[in-house]
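Quick heads-up: structures coming right below.
First chain A sits with chain B, and in the next complex the same chain sits with chain C.
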Partner chain A sequence: MVYSYFPGCTLRAKAKGFDSSALASCKVLGVYLEELEEWQCCGATFPLQIDNSFPLVSPARTLAAAKKAGRKLTTLCSACYNVLKRTNHVLREDLDKRNKVCTFIEEDYFGDLEILHLLEILRDEIGFASLAEKIVKPFSGFPVAAYYGCLLLRPPEEVGFDDPEAPRILEDLLFALGCSPVDHPYKTECCGSYVVLQPGEPTASPSRLIVESAKSRGARAIVTSCPLCQFNLDYVQSGDVERGENAVPVVYFTQLLAMALGFGEEVLQFDGHLVPPGPVFRSAGVGGCEGAT
Partner chain B sequence: MKIGVFVCHCGLNIGGVVDIPGVMEEISRHDNPGFVTDYRYMCSDPGQMRIKDAIRDMSLDSVVVAACSPAMHETTFRRTVEAAGLNPFRCEIANIREQCSWPHRDEPEKATEKALEIIRASVEKVRKNQALSPLSVPVTGEALVIGAGIAGMQAALDIADAGCEVTLVERLPYIGGHMAQLSETFPTLDCSQCILTPKSSEVGSHPKIDLFTNSEIHAVSGYVGNFDVTIRRKATYVNWDVCNGCGLCMEKCPQKIESGFELGLATTKAISIAFPQAVPNRPVINPEACRHFTQGKCGVCEKVCPVGAINFEQEDTFIDRKVGAVVVATGYDLHPKTEVGEYGYGVFSDVIDGLEFERLNSASGPTQGEIRRPSDGKTPKEVVFIQCVGSRDQENGYPYCSKICCMYTAKHARLYKHKVPDGQPYVFYMDIRAGGKGYEEFVQRATEEEGVLYLRGRVSRVFEEDGKITVFGVDTLSNKKVEIRADMVVLATAIVPSRGQTELCRLLKISTDEWGFLSEAHPKLRPVESLTRGIYIAGCAQAPKDIPDSVTQAGSAAAKVLALFSSDTLSHSPEIAVVDEELCTGCGLCVEACAYDARTLDIRRRLAVVNEVLCEGCGACQVACPSGATCQRNMELSQVMSMIDAVI
Partner chain C sequence: MKLSREIIATEDKRKLQDISGEEVLSCYQCGKCSAGCAMTSAMDLLPHQVIRLLQLGQVEDALRSQTIWVCASCLACSTRCPRGMSLPNVMESLRSTFLRPGDRCLNPADIPYELLEILPEQALVAAFRKYT
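On to the complex of A and B.
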């Protein structure tokens, strides 16, 4: 299976471990992610003003390039996925906007590209059951909370590949990796997005509630598919780490997948994480995290 | 032939768009009518007088009224011409309002042209109209009422009190419907059981009411005045004629099950009477739970019954009835909370719906009327009520308002406050709809005197944490995010048509709206009639409504039934399909085309025949007939051709 791959800016900067763990794991699973020759920023946020088409230009260029590559497109970052998928929807359904944007970028594109999140490929193309067979270092019941955030599954009529109110795709993946999924009520709440960058006490942030809720239900790690969520949930605990208090690492689902498939630190790239995942996994003796810091 | 053409201005509805003097001039010059005139409101008394006078003074043979849709005033104007001595079927309506001036408001010139064509076609049609007389149909003066909630009971009583026989069919083993589950009723807070029980007993003992509980409608055929109905009486496994309702069987039955009447908040036995005041007060065995049926042993009830009423061999029975009219009062269900994801898909036991709260609050309910939450039986100190769960929600639910939730939520919050004075009720609402006698005052008391905290805003999520139910909401009046750690949450879930209503409608051949509520013949002027003659509707089966409205509509449906029964015969339009037996080949295409079951094949004679009473004159068979044998009275092929000629 070969897919066109749109990494997005963050995966080449702050979230390198997301990128490398996905590429390495996919190869083992027989999925080849072929990076688009030409791609640019997804636009970061989908424009909600109906009279503003300009933010669609950048994702439209990427989509048009992917269409020429002739394969289904996949991406990892929740925000990139959301913007690309919604832009694709607009270009397919809104003739006026399509004409405007495509004339500007000088491309004939009709919004007919199929875009899949990597989670969909794992679930629907590979299947969690056959994925589970390839696991070499299972997590033996290690408790992990799935955190979906707000962008991955919403709006359901345009992007949703799972129930937006009670999703289970991440839990199903965790289960396949041998983890015990920990249910918690904040799993689809917003992490606070860019609000975390405002000066002020981070303990009051929504990220704090999410982390505390997952912790209080016994989670020892949180898994996500969004670099901004990862940063926020991680950052909000930086004080805890300094004070030597109990903190839970926040990792990408592909990092857990790579661990279960036997990869080490050169692939996992945990070094940028504020709550170091290595010690937590090591002390639990799970996931084969030898060499992880 | 002298034809009178009467053009109505309908105020400015037609006159403000169509150039009426121009149209009249064209018609008089080219179409050879006998007389042309106009009037501001032709349907008014002076307008009708104009038509009558012209028929007499000008000796008109036929009349065309160019006005609104025939659905609106065809009957009016046909009565008018009849009063002037003309056959009513020599009057035709040219619809120049709904099919002309309204949709073409912005193009008056083209509208004028189209109005002219519509009138010309009607003039050509009426030229060949035959004088017809209505068909006469016998009427059976007995009624069937489906559903024995408050609406069905009221309709049955009103018809029976007038001396007509009523067959009342109820799916459940008891009558009273949802009203039997309610604790108190708004706006007077009188006990629901107290006002319902006398009515239930009256229904149970009325000499003119034949009551079938635990029964469903199995088949329906026939037409107005002459319906043939088959009722399926489901096996109860208890011989009710012998049973004396002593209750010993229920006491001794070893198999506990969730009580449907208590909405799962309490248990009952596999043989049970739903509640102590149930009418009829006789038990029913649930074969899905009874050990005799599931495990092939037990039979305790059979052993203890002092009168030998238990009969495990009992089977469903089928009863045939001939009735003249049907009242459909099948009531409502609540939108299941298991479909509301943001409020937990019904997973949290302390998130309940309004009907469950009624049971918690009912003196005969699972907690004897004490407000205790289902999970641990503790008295909730903070209760959040959420209105419009599913209602007025175009994205995830239904666009309509469920109408009663504002009132019953205010009632719930007040009753809770009466029973838990130190408790705090919160109500999340969109806006308060309290139109009704004494309703606004009722809500005012909740907000101003009884300490119910109303928050205008929606709730985004409800979840369980640390034994509390956390509610995320917004108060749009103070523009603040609200988070409440409550002990219990009550959802005012949307009202939806009762389960099985769609199948029943298919049997009765009556239509519903897109949400499954019964369609009325006219939303304002014929609100209790279905589009099928002889079938009437009442209560929440038509739309969400409260008890007073249900009772009113039921009485109104009963009055319609009684009006139908007031004569031994009724008349049916003669503008229906006829078959030319010389031309008919008996191919049967018309039988398939007919939506009203009015066409059948006479195999012996190889002819298609028309059931004149069932035929609605839609014309579908005329279109389907390949040999031209079928035609419709006063819409014959030659008339259609002349109409087309007139237009082109």
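On to the complex of A and C.
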């Protein structure tokens, strides 16, 4: 199975572990991610002003390039997935915008590319059952909370990823890896996204609520697919780590997958995490994390 | 407040609708958006109250609200809105009204260096898109 791969800017900078753990795991699973020859930043947010089509230009260029490559396109970052999928939807449904954008970028593209999140490939093309058979270091019931955030799920009519209020794809993956999925009420709530950068007064971050809800239900780690969710949930706990209080590591689903497939720190790249995941997994003796920091 | 057609149907309000593509009068104030909003603790007006101000033509009051900057565009409200209204589009149109003249921006020099060191690129790109 070969797919075109759009890594996006964050995976090549601050979220390197997301990228490397996905590439290594996919290889073992017989999925080849072929990076697009030409790609650019998706813009990180889908434009909400309907009178301004310019922010669609960058994702449209990537989509047109992927269409020429002739394969289904996959991506890992929730923001890239959201922006590419919504842009594709607009270019397919809105003739006026399509004409405007495609004339500008000098491409004929009709919004007819299939875009898959890696989670969808794991579920639909490999299958969680056959994935479970390939696990060499199972998590033996280790409790992990899934955190979806906004971008994977909303708006459901355009993204069409999973049930927007009661998603289960991450839990199903956790189950296949041998973890015990921990249900919690804030799994589809917003983490606050980029409000940490808001000029002026600092605002209360909802990230604390999300972490506490997962922790109070027994989760010992949180799993996500968005670099900004990962950062926010991690950052809100950085004080806890300094004070030596109990903190839960926030990891990408591909890092858990790579651990279960037996990869070590050179693939997991936990070094950028503010709550170090290594000690937690090591003390629980799960997921083959002997070499992890 | 004494309301009249002139007060309610202003030019500013028409512009907002052109930018957002949303008709604020379609809202019947059920409050579901505010009930499910993750950011209300940092807001001075609840999301449905901002919509109410716009329905009454009070665009200036809505523009003065912190709420429009606190909205993280997570789309929880629009996913649940029984009227199918996209509040995040309305919030974005209010922010654009401030930002389009080009005299307000997020200054990179104001971002603490320690934060820059660890922030994902996604956050920086998104914030510059939102605040500039």
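Side notes on the structure shown:
We adopt the following convention: the second predicted complex is superposed on the first by the 285 of 293 C-alpha atoms of A that agree within 3 Å, B and C clash if a C-alpha of one lies under 4 Å from a C-alpha of the other, contacts with A are read in each partner's own complex, and residues count from 1 in each chain.
As a convention for this text, contacts are C-beta pairs under 8 Å (C-beta built on N, C-alpha and C of every residue); 3 or more make two chains touch, one makes a residue touch a chain.
Everything quoted here is computed from the prediction, not taken from an experiment.
For the composite obtained by superposing both complexes on chain A, the positions of chain B and chain C are in clash. Contacts of A:254 after superposition: neither chain B nor chain C is touched. Of the two partner chains placed around the shared chain by superposition, chain B is the only one that A:163 touches, whereas chain C remains out of contact. In the superposition on chain A, A:185 contacts chain B only, with no contact to chain C.
In the superposition on chain A, A:213 makes contact with chain B only, not with chain C. Which of chain B and chain C touches more residues of chain A is settled by the count: it is C. In the superposition on chain A, contact of A:48 is made with chain C only, not with chain B. Look at A:196: by the touch rule set out above, it reaches chain C but stays clear of chain B. In the overlay built on chain A, none of the stretches 110-118, 236-244, 362-370 or 470-478 of chain B clash with chain C except 470-478.
In the three-chain superposition model, chain A touches both chain B and chain C at residues 164, 189. For chain A in complex with chain C, the touching residues are 8-10, 13-15, 41, 43-45, 48-52, 55, 77, 79, 149-150, 153-156, 164, 188-200, 203-204, 206, 227-228, 230-231, 235, 272, 274. Residues 341-342, 345, 461, 463-466, 470 of chain B touch chain A in their complex.
Taken in their complex, chain C has these residues touching chain A: 18-21, 38-39, 41-42, 69-70, 72-76, 78-79, 86, 88-89, 91-93, 96, 106-107, 110-111, 115, 118-127, 129-131. Chain A contributes residues 163-166, 185, 189, 213, 216 to its touches with chain B in the complex.
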